[in-house]
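In the two assemblies presented below, subunit A is common to both, partnered first by subunit B and then by subunit C.
Coming up: the complex of A and B.
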């Protein structure tokens, strides 16, 4: 392939990775659960695009497989599973509370992204020059931002999305440093993710049934210190 | 040399002449989207003509700031128009007087004086709008800074004529993540600085809700005309910086002849028209944010601009 096409593919891959980072920031800050889910869908599509572009760039069929698995599982099956298992009411809610206010959590997220650069650099220096690209640091940033989402969010579904963002970040790093991962492993990881979504969805439904809310962040105050209401319920 | 001065002045005349038209087209397009007929696209010219022929009333309590401000608001976009590429892709006579950062400061000088003048008359609504514009301003300024610093980081310069070449040589650079993210961040800035919809409603005339409009409440006659014209020109200049410096230099005159420069006028206006379509879609599909949610909007712009810088650092 000619030099200019390679350069174009490299830049397009970098663009997909850059937008991936932006969607990760969006998931940290987005108020609506539905918006959060939509951003996650976009992020997974960008991940698939990055895999396909890297496959085209380095002539690797395995990466096409990764892209295909990603397109099928994350943007299609995950939202479908979530809607089937978790209560529909939570998608209509507008505001969800966070442990920190949104500008503060965005600034912390920025600091994490810069930290990812310092974490990614030794890894980049360890691999061959052919494997260098923006995917490694941005994937690590996705991993950190997903973990950050897990800490600041208090709703069940965004917590789950944070977990999936972590997985997306790990994938984004993975596709750039290992180009010949067997498809079986990819399928295993993808099925694993789906099972997590399924279990969490069912759990969310159970939580909502028992305490009437999905704001699991407030569950920390449910302790045995106040036994009266719980005993009443049991005797009923 | 003589040609370059001539083209530079011609550039200013284009900004002066076409900026009300751009505002007129924008409001007409918005009305069409809302299934209304809307005013003619030449309505801003008629408004200016009418205001220039009206008497001006100045409060006795006001100071010289109130009288000077319309001229400053009118002149600052013209200064910036001298610095940036409006029609040509080669530097003109005054181009090296200041870089993009300087242009940004000159533009914010106009906003600063407009805010002072709003406080000056002690009209109850003026200071409220002034403090709100300052709030939007101080949130937008860091984004401006980061955008310009990222530009200078990527292109190695903040002179707009040098920057614009970088995005398309080679063409693959157009898709570089830092470029696309910068475009997104600057688009959000135009919405905030131009007082467009997610931040401020430019057509709303309810005093308690207005942000940008309330600064010119006390003006009448010629002062009001100058303030309005200055506002039109500011939007035009911001669009020119966005389209010609940050997006692409396509459509700009490359030749030194008068014909090439004249041909660039319709091409640049066409580019602006395409941007207007994007703005209309944004403004018609979003609603105005509550005042304290503006922080989040501009926070998103800030994160986008920093992500542009990070994406650049991450490229080995």
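Coming up: the complex of A and C.
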């Protein structure tokens, strides 16, 4: 392939990765749960696009496989599974009380993205020139922002999406630095993602049925101190 | 061949359990399957410790990712052993709860799947596949943790899933970087063994990053402080046989994956893996020891003791030399058998008094002498009182630490172990011998159980007896075959 095509592919990949980072920010801040899910779908499509572009760039059929697996599982099966397992009204909900207000969380997210850049640089220098690209720092940023989403959100579905964003981030790095992983492994990891969605969907439904809320982040009855006033203080 | 059967049996059992037969069908199938697995696992361990390869026939297709050495065989046997005792305990424990048949069926189906996912950890040799089965252990056990569907159980399950999966995502990143490091070192087969061979040529930055990400990520699931917060919740809210599995072998199996990285790090020039292990281990032991003093729930108490033991094992790896070899293996064995016994004892106590609050249980000795004896024995066993298994293993770790001239670290470790001993025994003493405050029990207790003796289901008493044997015997005598296996396992860790 000619030099210009390669450059074009690299630029397109950088674009996909940049948009990936943007969606990760969106997921931190988006109040609507439906919106969160849509952003996650877009993010997975961008991950697939990045895999396909890198596959074209480095002539790797294996990366096409990754792209295909991503297109099938995340945008299609994940929402379907969620709808099957968890209560339907969960999507119409708006999450009002995040742990931090949105401007603060976005600022912190920005700091995390910058941190990811500095964490990614030494790794980039250590891998061969063939493997370099924006995928490594942005993948790390995805990992960090996903973890951050898990700490600030309280509703069940955004928490689940936070986990999946972390996994997407790990993958975005993976497709650029370890692109010869056996396809079987990729398939297994994708299946695993679906099991995560299934189990957490079932748990969400159980939580809603037995506790009557889906704001699982607010559950905090299990701890050492502050005994329940009922059982353990025996009569004087 | 046995390996394949071992992996297939729990899946077959899961399918069989779902068949709509009589009441005890599901429990029976599970017990039989677990016992068969135990026999096969012992056979595998026997062959491995005799030096013959059990996976020589498996070199085709994806089966080449299955490999068993001494360390794997040891973990395999432990999982099979605790899986069997917990299955027997489940029979009486779950029957006592008088659940509807569908729910019971769900329990046993999940139980077998969980056993499968754990058995797969030691036999997989390809790190990303190991990651997948580690992930599966979380997912298969999540519904077991939330099984009772109470507010607390659901909260615990949710925390468990979120924190473990968060750790798993970090570990995935680590494993992918490790793969990249391997490619940078010129490729090779991506297995534990291949990693050790390629390690000297790997770029240090990649190897270090991968190691730290995996240590933190899987450390979250093994319950290392400061990522331990979910552990006491999940390990106390699940039904007791499941707690025995979670605390006794799941944590150990996860720690096994971390241990697999140490030979790799050792093969690479100036890695500081030992320092990390020692520091993280000591922090875990120390934090857990002090938290043990203020627990209010006796199942949580044993859960914190798991955090402590994970810390001891990791710190022992950090101490190096013989502490990192034979001592670690001994500690892994004694932790698994003793901790599972402790949770059986806690389950028996729970059946007798129906509360988890330490403060609400007083004078247990009058209500259920069996549960009571088991609690004392378990408490003494897990805190390392002589002449029980944990004492021997902790002693050999401390001795090896002193031989290595790590005086400060060994001293700290010893102090924390002693604090943990007092913490646990203080609570157990109160529960067992404590007089009723003001002669008045809490109203619920007085009515239901009063002073009359509670009879435990037969299978529970049987399990307590069976599980106590190794705890006692391994305290003063390690049979020759086990010794060989431990030596082999230690060699896999320190090579």
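Following the convention adopted for this analysis, the second predicted complex is superposed on the first by the 218 of 236 C-alpha atoms of A that agree within 3 Å, B and C clash if a C-alpha of one lies under 4 Å from a C-alpha of the other, contacts with A are read in each partner's own complex, and residues count from 1 in each chain.
We adopt the following convention: contacts are C-beta pairs under 8 Å (C-beta built on N, C-alpha and C of every residue); 3 or more make two chains touch, one makes a residue touch a chain.
From a predicted model like this one, the values you see are computed outputs, not experimental measurements.
Superposition of the two structures on subunit A shows subunit C fitting alongside subunit B with no clash. Contacts of A:100 after superposition: neither subunit B nor subunit C is touched.
Shared-chain residue A:183: touches no atom of subunit B or subunit C. Number of subunit A residues touched is higher for C, counting subunit B against subunit C.
Residue contacts after overlaying the shared chain place A:77 against neither subunit B nor subunit C. Of the two partner chains placed by superposition, only subunit C is touched by A:166; subunit B is not. Applying the stated contact rule after C-alpha superposition, one finds that A:42 touches neither subunit B nor subunit C. Nearest C-alpha atoms belonging to subunit B and subunit C sit 18 Å apart in the superposition, given in whole angstrom. Taken together, the two complexes place no residue of subunit A in contact with both subunit B and subunit C. Residues 170-173, 175-178, 180-181, 184, 295-296, 299-300, 302-304, 306-308, 310-311, 313-316 of subunit B are the ones touching subunit A in the complex. Considering their complex, residues 62, 126, 128-129, 131-132, 135-136, 139, 142-143, 146, 149-152, 154-159, 161-162, 165-166, 169-170, 172-173, 176-177, 179-181, 183-184, 190, 203-206, 209, 232-233, 236-237, 291, 294-296, 300, 355, 357, 359-360, 436-438, 440-442, 444 of subunit C touch subunit A. On the side of subunit A, the complex with subunit B involves touching residues 4, 7-8, 10-12, 14-15, 17-19, 21-22, 25-26, 29, 102-103, 106, 109-110, 113-114, 117, 120, 124, 132-134, 137-138, 141. Only residues 122-123, 125-128, 131, 139-140, 143, 146-147, 150, 159, 163, 166-167, 169-171, 173-174, 177-178, 180-181, 184-185, 188-189, 192, 195-196, 199-200, 202-203, 206-207, 210-211, 216, 219-222, 224-225, 227, 231-236 of subunit A touch subunit C when the two sit together in their complex.
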